[in-house]
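Think of it as A, B, C and D in the order they're written, each chain with its own count starting at 1.
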Amino acid sequence: MSVSTEWRTHVAGEEGERHELERAWSERGGIAGWFSVTTHQAIGKRYIITAFIFLLLGGIEALLMRLQLARPDNGVLGPEKYNQIFTMHGTTMMFLFAVPMMEGMGVYLVPLMLGTRNVVFPRLNAFGYWMYLAGGLLLYGAAFSNTMPAAGWFSYTPLSGPQYSAGKGVDVWAQMITFTEISAMCVAAELIVTIFRLRAPGMSLARIPLFCWSMLIQSFMVIFAMPAVMLASTVLLLNDRTIGTHFVNPAEGGDPLLYQHIFWFFGHPEVYIIFIPALGMVSSLIEAHARRGVFGYPAVVLSMVANGFIAFGLWVHHMFATGLPQIAEAYFTAASMMIGITSAVQIFCWIATLWTGRLRLSAALHFVFGFIFIFVLGGMTGIMLASIPLDLQVHDTFFVVAHFHYVLIGGALFPLFGAFHHWFPKFTGRMIDERIGKVTFWILFTGFNLTFFPMHVLGLHGMARRIYTYPAEMGWGPANLLATIGAFTIALGGIIFMINVVRSMRAGAPASEDPWEAGTLEWAASSPPQNYNFVHLPVVGARYPLWADAAERAVVTGMRSDRREVLVTSGMEAEPEHRLVLPRSTPWPFLAALGFTIGLVGSVFSFSWYFISAALGAIGLIGWFWPHQPVEIDP
Amino acid sequence: MRARTAALALAAAGGCGTSNQSALDPAGAQSQGIAALWWFFLTLLGAIFVIVMVMTLLPLLRGPRNAGEPRLTRVVGGVSVVTLLLLFGLVIVSVITGRATAGNTPPGRHLAVEVTGNQWWWAVRYLNDDPSRIVVTANEIHVPVGTPVLIRGLSNDVIHSFWIPNLQGKRDLIPSRITTEWFEADKPGRYRGQCAEFCGLQHAHMALWVVAEPPEQFEAWMEHQLQPAAAPPDALTRRGGEVFLSHACVLCHAISGTAAAGQVGPDLTHLASRLTIAAGTLPNNKGNLAGWITDPQSIKPGNHMATVPLEPEDLQALLAYLETLR
Amino acid sequence: MRLRFLSVGALVCASALMSCQREKMELRPAPAQVAVFGEAARESDLQPGGALPPVTNPDHGEANAISEGQRLFSWYNCTGCHANGGGAIGPPLITSNWIYGGEPSNLFDTIVKGRPNGMPAWGGRIPEYQIWQLVAYIRSLNGLEPKSATPERQDHLETNPETRRYQPGEANR
Amino acid sequence: MTPASALDVGRLRPYEISNRAPLWWGQVILCAIEGSMFCILIAIYFYLRLRVDVWPPRGARLPDAAIASWALAPLILSMAGSYMASEAAKKDSRGGMIFGLAANLLLAGVFLVLRYLDWRGLNFNWASDAHGTVVWTILFLHTFDVVADLLMTLVLMIIIASGRYGPKQRLGVHVDSVVWYFLVAIWLPLYAVIVWAPRILGGGQ
């Protein structure tokens, strides 16, 4: 009997409360019920599954590109298809996979880790998911009807402007950003408030799990970065294209570089928005599989916070080749290298943890080691890119392609795969096959390095990025062939992973509540968790409550279990303040999202649809906020 | 394709040096400085990477260490401070190299060349205070060895990026702006460059060659480029000239000394003296030229050269004429 | 069950969308369209009885063709006489009052054969597919092409008189 | 069996109408999102300003300083209505809430009329030039937000007036006031930028 079970069994009358909770938190069945779900586990799973499907789509696009580049003067894809596909690949991976996947993990895990029952704004949570799904369907719906953007994932003007990108592809791209950013901002707002206000009593700031810290920092970054990309894509680019504004038209006083500044003011933090949650996952994984708390918790938290701040001061290093004043260049070089410090401190803390911990060489820990290898290497090339003279040589070449795949795949995808193996028992109630998991790791690790390491060399030898073909005499053929073989190796790893997931979901060993004997609260809930997570909300007296003495544990009593109630605690010390009744499941978030979607899809064609969007959305919001009977809230 | 490879290899071998379009094979002071910086960064960061990896993997080989937290704190803190100092050093080295290799104008006497990016070719003008001594060419820049060359970058449509890795880092060519950079070739040779900023369909086929020559040879080239096109010597080439002027060619291309003054496509006055056609896409020979004129869209799909049907005799005459444009 | 329902639905949607080819992009013109007309050839070919048979523009509603036409409009120096559609030496092309008709076939004919008082005949010079692109672009200036295929502005000075109710350079109040 | 240590929260209130309510926090975060958007817009304004010598282009008529300045009066006063409504919400005074919200709506309406007059006087639009583009964008986005919030306020007032309201709706009134303070506060720098910046930093006039 694991210790965590005791947490839930020492209150009298528990069976009755459990029945009440089950009734209060149950979701309606049927199609209508499916559109009304607002529990964080369901929404989180939807995010994760949807984002995974987009990962597969983006992966297929990557394979197509690698096929085309496998040998010189290849004819698998023509220039227009190749340009469309690399645009779709970048866009899908950044906006439809990486960010939503991290949001999904946050939505699923944060309430569990904090010891509460749901996120604080469950309807907003559902609304955010539907907007994200609508954005993804818009992009791929347009793509399947032959309207694909082809201006790259950052759509530089004037190439993406009205004169050089005919058709609606770029408009669809720009409006898809709006959808996914609305979704990201919804999640950010609800996670910030959840982390500040719904923590279990006693979970002071210094006891917040590192993954929750990372989601908190990421959410703040979303709040300050995402408005920039909405301005860049929806206002600068889309309005220039659909109503003829002049933001980027130099003949009327605009400037194409303005778009770059605004885009990268978002675009650089975006990278950290993707990998800061991954850093949090790495911390969680190391804690559980090294069986000790992360060494230097305050240093790790402060490094992540510093990362978040510095990330907003680096955007110009994407624009060194545009020719800026030298003093600005020196500043941005220094700032870009400083991000190396904050990342290094975290790496050092993890290494110290690994040194002093009792390692369990699980599949998840394999991915952590893979992460450190790849991410540190990507960090080294990042330092090279911060140096302006080196950047001017390797900018926009395959060296950069290699670099950002090292930091993004290494920094986000490897931790994510580790996280899947680690939290799989919590998500599904069954253990994932560890042996196959390790095989998956080795195949992915080998395939990854095979694909992307040669690209460093290619870039230094002059292979510019985004070229659909290259002449044989450039001598780039062998390295490209190697990269293509590597890409298919990665695909093989992905297939094995999916087989493992399906097999383990069907026939894996049933998981206990805390199979890894980890210390954070998500492992105190059953596997998979009930909709209400905990029968009695825990009271926390330590950073790793499940590792603390049983004597220190306590639970919250006096909550109503016949309605969806959570406990609001103070922001700093997490002292109980008041109770909060969360709304029941409702289809209104879906309907509101549908209203906005109709209007926003129309706005790709005509500005006036914004007003229709607002009107339809307003109807949805009024329905959402209309008072339910009874309006009074009993104590 | 094989013929093309062989031809380019020949072209390269015929020159004084070969180019593999590499930042690690510097042929000028600027690229040399950058390459040195690269090797310095690579050595230092590579060593750090190896140390970090060894430290990471060590716990797998031996059991858990029971280091006290204070000691661990001292070690981690110390290593972090060392990292900070190292990065600070790298910033300084990098800024010093940046000052030495970049800068907007070269010191002293220099050759000024205006490069204008177009979808998907490079217009080149050698600037001169005397308008009659301005040389106009395309997709090929000849420079004298040992003289600084100032590149004045413009763009006619979207953002392009001028990049000759063997000589210097890249500089974007931005519509409505003038960007500059300069380099100095130390070794005679032919250096390939390529557009480095995604610029649309044929971004892949937007290359150019820099031919660095001894000064005398460069002067001779310059004088030759200043001449208008030679008059067609025989009946066939005369007919070719008429074909050129009576078809769509003349709408876009200029040949100085004739009525052709189109400004939309590359200047063809000395077409036959260039190494390549279609912005570095094909070696310049009669067969390739014939293929390019007949069906440009299958060679470089999406480019803006019109597909103009020509009678076979007209085509032969036109090719013969273009071959005279030395 | 639900999974099957969803995946079947997704497949149906995807295939429905795939059959809808919104935007055409043919980088290589069809061989039939690269012909160059002499004036006479055009006369005998399409105008047996003097009246023009209805000809539809193969590039009607094609965003990429309109964009290409826009490029050609300035490259072939149509702007020299017609400015950016407002007209100067030549008549304005943003008009409802076409001298020689505004149907695609009329415009095609005008470009191929030229017109008195200065409009040159382009038929012998430029291939048919480019003429159709020009026709599509000229018609887009008048809103005769679908809005979704017409760019709202170009990267040059604003030409739409509706957008600015003052003359640039006029003294401020 | 009672737990060794249980934290009984049964006596805590099941709702909260103050700045400690999570909804209030959420609303502040949405305001932060809007605020960073407007800050970047101001940055865009000055970026475009610095690209040219004369701003706005000669001939373009600036928003009328007198109307725009007078319009500030009802706008700032309307915050008092908001404040009254939010205080009344805390005390559960139905009349106070209705009065406050109505005052808010009325004064904001006056402000919108003045803005309409000012806006109508512009002799350029979003497609005239870069100045027109950025001024129209600022005006449009702010007006859009104002109108959206006023509609929300109107709906709230109808709900309160109907009497079918509870603590959630009272919290709504309280939180609505935050949005309104924000929209008023953010207008002050935007007003300074589009009305006064060109007059002070215009150049070449």
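Just so it is clear, a contact is a pair of C-beta atoms (placed from the backbone, for glycine too) under 8 Å apart; a residue touches a chain by one contact, two chains touch by 3 or more.
Please read all numbers here as calculations on a predicted model, not as lab measurements.
Undergrad: Which chain's mean C-alpha position is the greatest distance from chain D's?
TA: It is B.
Undergrad: Of all the chains, which has the CA centre nearest the overall CA centre?
TA: Most central by this criterion: A.
Undergrad: Hey, which pair has more contacts between C-betas, A-B or C-D?
TA: Result: the pair with more contacts is A-B.
Undergrad: Whole-Å distance, chain A centre to chain B centre, using C-alpha means?
TA: 39
Undergrad: Roughly how far is chain A from chain C, centre to centre by C-alpha average, rounded to an integer in Å?
TA: For chain A versus chain C, the centre distance works out to 44 Å.
Undergrad: On a C-alpha centroid basis, what's the spacing between chain A and chain D, in Å?
TA: Averaging C-alpha atoms per chain gives centres 31 Å apart.
Undergrad: Could you check chain D for residues that touch two or more other chains and list them?
TA: Each of 57, 126-129, 132 in chain D touches at least two other chains.
Undergrad: Touching two or more other chains, which residues of chain A qualify?
TA: As it turns out, chain A has residues touching two or more other chains at 78-80, 158, 164, 243-244, 246, 249-252, 255.
Undergrad: In chain B, which residues are in touch with two or more of the other chains?
TA: Residues 175, 201, 301-302.
Undergrad: Which stretch or stretches of chain B touch chain A in the complex?
TA: Against chain A, chain B makes touches at 1, 4-5, 8-9, 20-24, 31, 33-34, 37-38, 41-42, 45-46, 48-49, 52-53, 55-60, 64-67, 69, 72-73, 75-76, 79-80, 83-84, 87, 90-91, 94-95, 97-99, 101-102, 104, 119, 157-159, 161, 163, 165, 168-172, 174-177, 179-181, 192, 194-204, 301-302.
Undergrad: Hey, which residues of chain D end up touching chain A in the complex?
TA: These residues of chain D touch chain A: 1-16, 20-23, 25-26, 29-30, 32-34, 36-37, 40-41, 44, 47-48, 51-52, 57, 126-134, 136-137, 144, 148, 151-152, 155, 159, 164-169, 172.
Undergrad: Which residues of chain C touch chain A in their complex?
TA: 2, 13-14, 17-18, 20-25, 27, 63-64, 66-67, 70, 147-149, 151-158, 160, 163
Undergrad: Under the stated contact criterion, what part of chain D meets chain C in this complex?
TA: Residues in contact with chain C: 56-62, 123-129, 132, 205.
Undergrad: Within the complex, which stretch of chain B touches chain C?
TA: 175, 201, 246-248, 251-252, 264, 295, 297-298, 301-302, 304, 306-309
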